[in-house]
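The following pair of complexes shares a single chain, chain A, combined with chain B in the former and chain C in the latter.
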Partner chain A sequence: MDLFFQQIVNGLVLGSIYSLVALGITLIYGIMHLPNFAHGHLYMLGAYVTFFLITDYGLSYWPAILFAVAILVVIGMLLERLVFRPLHHAPHINSMIASIGVMLFIEAIARKMWGSDYRRLDSPYDGIIDLFGLNITEQRLLVIVSAVVLMIGLHLFLKRTVIGSTIEAMAQNREGAFLVGINANKVSLMTFAIASGLAAAAASLAAPINLVYPSMGAMVNLKAFVIIVLGGMGSIPGAVIGGYILGLAESISGTYINSEYKDLAAFVLLILILTVRPTGLFAKEAR
Partner chain B sequence: MRRVWRALFTLSTVVSLLFLAACGNSGGDSNVVTIGWSGPQSGGAALYGKNTLDGMKMAIDDINAAGGIKVGQDQVKLKLVALDDKYLPNETATNARRLKHENGATIIFTPHSGGVFAMQQFNVQENFLIAAYTSEPKVTEAKNPLLVRIPPNYHIYPKPFSEEMMKRFGKKVALVPGTHQYAKDWTALFKQTWMGLGGKIVAENPVDYNKESDFSSAVAKALSAKPDVLFVGGASQPTALIIKDAREQGFKGGVIMMDQAKLEEVEQVLKDPRLLEGVIGVRPASQWPTEGTKKVVDSYKKKFGADKIPTSEVLYHYMAVHLFAKAMELAGTTDDPAAIRAKINDASKQLPSDKIPLSVEGLSEDGALITQPKAITMKDGKYVEIQLSFQ
Partner chain C sequence: MRFVPGSKWVVAALFFVALAIPLLTDNSYYLNMLIMVFIWSIAVSGMNIIAGYAGQLSLAHAGFFGIGAYTLGLLMVKAQMSFLVSLAVSVVLTGMVGAVVGMISLRLKGHYFAIFSLCMGVILSLVIEKWESLTEGVRGLLGIPVPKIGSVEFSTLTSQYYLILFFFVLAMFVNRQIIHSLVGRTFISIRNSEELAESLGIHAMKSKMLAFVYSTVLAGLAGALYAGYLRFLGPEIASIEHAFEMLLYLLVGGIGTLWGPVVGTALVMTLMQWLQSWQDYRMIIFGPILVLIVMFLPHGIMGAFAQLKKNQPSVLPDTTDDKNRGIERGVNDRRLAGGESDA
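Moving on, here comes the complex of A and B:
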């Protein structure tokens, strides 16, 4: 039974990381109907920025995360302005291809600038906590808690602030939002900023558990896309719930079925859910 | 009309210039011999690929700085052409053809067994020599006449590793190896050896070392079977994370590392040597007790930073380039692969041990370099060497 609870905790850690990345993708999709394939690479960029702020600039962990989020917010805004806004009136496929281009570009830049080495981001939370007989490292606990805090923060922002409401309005009904005078460009910019900031936060939290290297974003990206399909494209609760479902499914099936088949188990789950609900768990409407 | 002529004129000038430039690169200078390389430069194995290339580049720079090699009457310089194959055998095959036909390479290096298998299909027909950096035994079982395997066969490791760990920790092992082909083959051999020695396998839990965000769930499952020894193996850095996770979850037993993971790299990730207590693996190539090894390790540190240690990939490739260069000198040719391979055995005996790292005793009949690696294990906070037996 201990093993079961241990795996639940492990699943929650995985799920937290997946959810935070998936949230960014689903936000952008909800507003711009753009599957941003480069999102995982923004995550990677966030991890590198945190890493260098700590090792080269001597910042401690939390300030480094804050700065990394701020830097990624700026990068996200630049991407929106320079790459995606000019394509706004072009056929849809153009921005999709542009996002793949951005993805390759970011990875190539990372390899050129920082090399292909694996780097280890040390966090000050290296201790082990004994939680009712379960061993959990402080960093993993931190991932779970911070993810929840970030999600609540995002929720409050969207529901309680005017800017947040404009984003929600755009996601719910584009034409309606225009009619009441919401500036679409501003909202797109804001969405990219938030999504990139979330990616940076997720990366800084997760990086000490794993390693920092140029292709680290690719695998998380793939999982995040699975999650938003599972949760319903553009749905925020869908991304959160979907992330936890996938994380838990992976760790539980890895334990009780076979670790070699755990990706398979996760995808079978995806197929099953999509058979019952083809638009995903929380889709507002079929798109 | 005039504009069209002008455009045509510019275009033809550019094309002819390009043509001339291309000639200058390949055919024009006969005193340069191209060494080909096809390996991963992007994706999860990019670092591994870079290490192999670094070794080759250093060797080629050193050889050229000393004036090149003497083939017949000519002084010949070496040139490296590297193509990315993303670790995919089909890409290696395409690259090998390009390296042979576009760049005129007679010797082509590749650092993975899949790529070697792909090239073996046509290397005799297309007349080039494969320099295979893989310890996969099947590579030499094919008895390809134009192949040289650089590192030793991994068959030598499982038995001494198992005996040592059984003696120190016990007979129950849990397996958490990678899911790539190399790890599968290694694991199969290891299982057979472990059970042959009377051991028991209490859990088998392979995970994809390149696709996990967090290994702790796989490790938790393996440890729930209460093993005495953990078997791990894949690229060094994820392997280190698995060891770290296991220690964090309270595992105090022994750890057997497949030869793909390098202790010197694992050490850099873990930082705390106490986590390595009871780990057994291949001795870092940089600790080979020869003057040449020391020299190359020093010059590597000068080039890449004092805290960097050259891995086996760097050192073996450095040595291999020198070996092939020597063989070309002895054979008196740079484009006859059979003649070059025929001189590898002699060449290996002429490599100066005070300049070249590692020590090669010759070429075995099936085309493998004969070297004598050792195992190493952390015991009471100190590394202890363990002799490997060779049949």
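Moving on, here comes the complex of A and C:
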């Protein structure tokens, strides 16, 4: 039974990271109707930036996270401005292909600059906490708690502030948002900034648990897509719930079924669900 | 073949050049290069049918290439079947897997289909890699016998060249017939608007299934030829990176054009050969190229060529017949493929 609860905790850790990445993808999809295939690679960049800020520039953990988030916010905004905004009026498939181009580019750059080796970031919090008989490293607890804090922060931002609600408004009804004078360009720029920031935060939090390497973004990216298809594309609660479901499904199936096929779990789950419900579990309307 | 009036002659001339090449040179480097271009062109032209004509962006085609390749390899190595039978079985089997995948995935529209196909591609490559008892996993499948048809053994590079050229020409011929037929027009009408096509009485699902299964058959054929040619298989041929590479070939050459897949594959593969020492980093160049193409040349080289020809006041009488005009309209359509109405 202990093993089971241990896996629940692991699943929550995984799920927190997946949810944060998926939230970014779903926000961008909600606003721009663009499945941003490069999002997982922004996550990877975030991990590298944090890693180098700590190892090469001697920053401590928290400032490094803040800087990494800031840098990724800038990169995200540049991407929006240079690649996706010019393509906004083109057919959707064009921007989808462009995002694949960006993805390939970011991964190749990372390989060129930092090599393909796996790097390990030492956690500043490597103590072990005894929680109701379960042993959890502090870092894992930190991931779970910070993810919840970030999600609550995002929720409050979207619901309680005027700027935040422009995002919500545009996601709900584009024309309506224009009618009340919302600037679409500003909103999409901001959405990209927030989404990239979330990816960087997730990466920085996860870096001490996972290894840092150029293709680390690819799998997370695919899984985040599975999540938002599960949760309904553009749905924020869907991304959060879907993230935790997938994290738990993965860690439990990895322990009890077969760890070789652990990565398959996500995709098989997706196929099963789409076979039964072609619009995802929480889709607002049939498309 | 709508790019030039009289393009028939260009194609015929190129065909004879292709036939004559092994007589002109026995440089194994060039022959090998051409063989690879033919093989990948077949696969990319499959992707073109479903993405470029029917408008459904499929990223699972490297997986189907892998199925074709591994089926041929396994049948020849483990079941000692003959080349032709194995080839036929691998093509049919790929088509059958394609039909099952299509039945589930084609109900999804636009982005959902693309994402689903991406996941499907990952599943196929993971299965090929992890099912070690069957595929030998990362060790790779070794010792595929030399292809033999009757008493003819395709052991030399030249004979392989003609074998693969035959299938390449066959595939391009069938593609051309399909694209210029009513069925091909049906695909285009679905790309332009599925709702409109259905209101005209087109069974969209049936047409999309046809396009998808045919496109997977081409990918499977290419895979099987690849296995028979290299006679060694590793699981990475089914990897998602290859699907992205195929997408790159398709876009550079021109998505939704008959010859785009061939032009793009030849051009990009040649460029990649030059950048051999860059191997892992070549996407530093090709990633941005992909972005620039969708921004400025959404129909790739062949599309730009067609546009150029159209804008040029022609001294020749316009020989394009009705059929060709229909396809030109498809090219000029703002929509590239798979798009859905702007939300």
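Note that in this section the second predicted complex is superposed on the first by the 266 of 287 C-alpha atoms of A that agree within 3 Å, B and C clash if a C-alpha of one lies under 4 Å from a C-alpha of the other, contacts with A are read in each partner's own complex, and residues count from 1 in each chain.
Everything that follows uses one rule, which is that a contact is a pair of C-beta atoms (placed from the backbone, for glycine too) under 8 Å apart; a residue touches a chain by one contact, two chains touch by 3 or more.
Quick caveat: nothing in here was measured; it's all calculated off a predicted structure.
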Quiz item: Which partner, chain B or chain C, touches the larger number of chain A residues?
Solution: C
Quiz item: Regarding the shared-chain residue A:51, is it in contact with chain B (first), chain C (second), both, or neither?
Solution: neither
Exercise. Examine A:3 and indicate which partner it touches, taking first as chain B and second as chain C; both and neither are also allowed.
Key: first
Exercise. Kindly classify A:111 by the partners it touches after superposition: chain B alone (first), chain C alone (second), both, or neither?
Key: both
Exercise. Examine A:103 and indicate which partner it touches, taking first as chain B and second as chain C; both and neither are also allowed.
Key: second
Practice problem: For A:267, select first, second, both or neither according to whether it touches chain B, chain C, the two together, or no partner. | Solution: second
Exercise. Kindly classify A:210 by the partners it touches after superposition: chain B alone (first), chain C alone (second), both, or neither?
Key: first
Practice problem: Please write out, lowest number first, the residues of chain A touched by both chain B and chain C across the two complexes. | Solution: 107, 111, 116, 260, 263
Self-check item: Contacting residues of chain A [partner chain C, same complex]
Solution: 29, 33, 35, 37, 83, 86-87, 89-98, 100-109, 111-112, 116, 174, 218, 222, 225-226, 229, 233, 260-261, 263-264, 267-268, 270-271, 274-275, 278-280, 287
Quiz item: Residues of chain A touching chain B in their complex?
Solution: 2-3, 6-7, 10-11, 13-14, 17-18, 107, 111, 115-118, 120, 128, 135, 137, 140, 206, 209-211, 213-215, 219-220, 223, 250-251, 254-255, 259-260, 263
Quiz prompt | Parts of chain C lying in touch with chain A, wherever the complex brings them together | solution = 55, 57, 104-105, 107-112, 114-116, 118-120, 122-123, 126-127, 130, 240, 244, 247, 251, 280-284, 286-291, 294-295, 298, 334-340, 342-343
Quiz item: Mind pulling up the chain B residues that touch chain A in the complex?
Solution: 41-44, 46-47, 49-50, 179, 205-208, 210-214, 216-218, 220-221, 224, 237-238, 241, 248-250, 268-269, 271
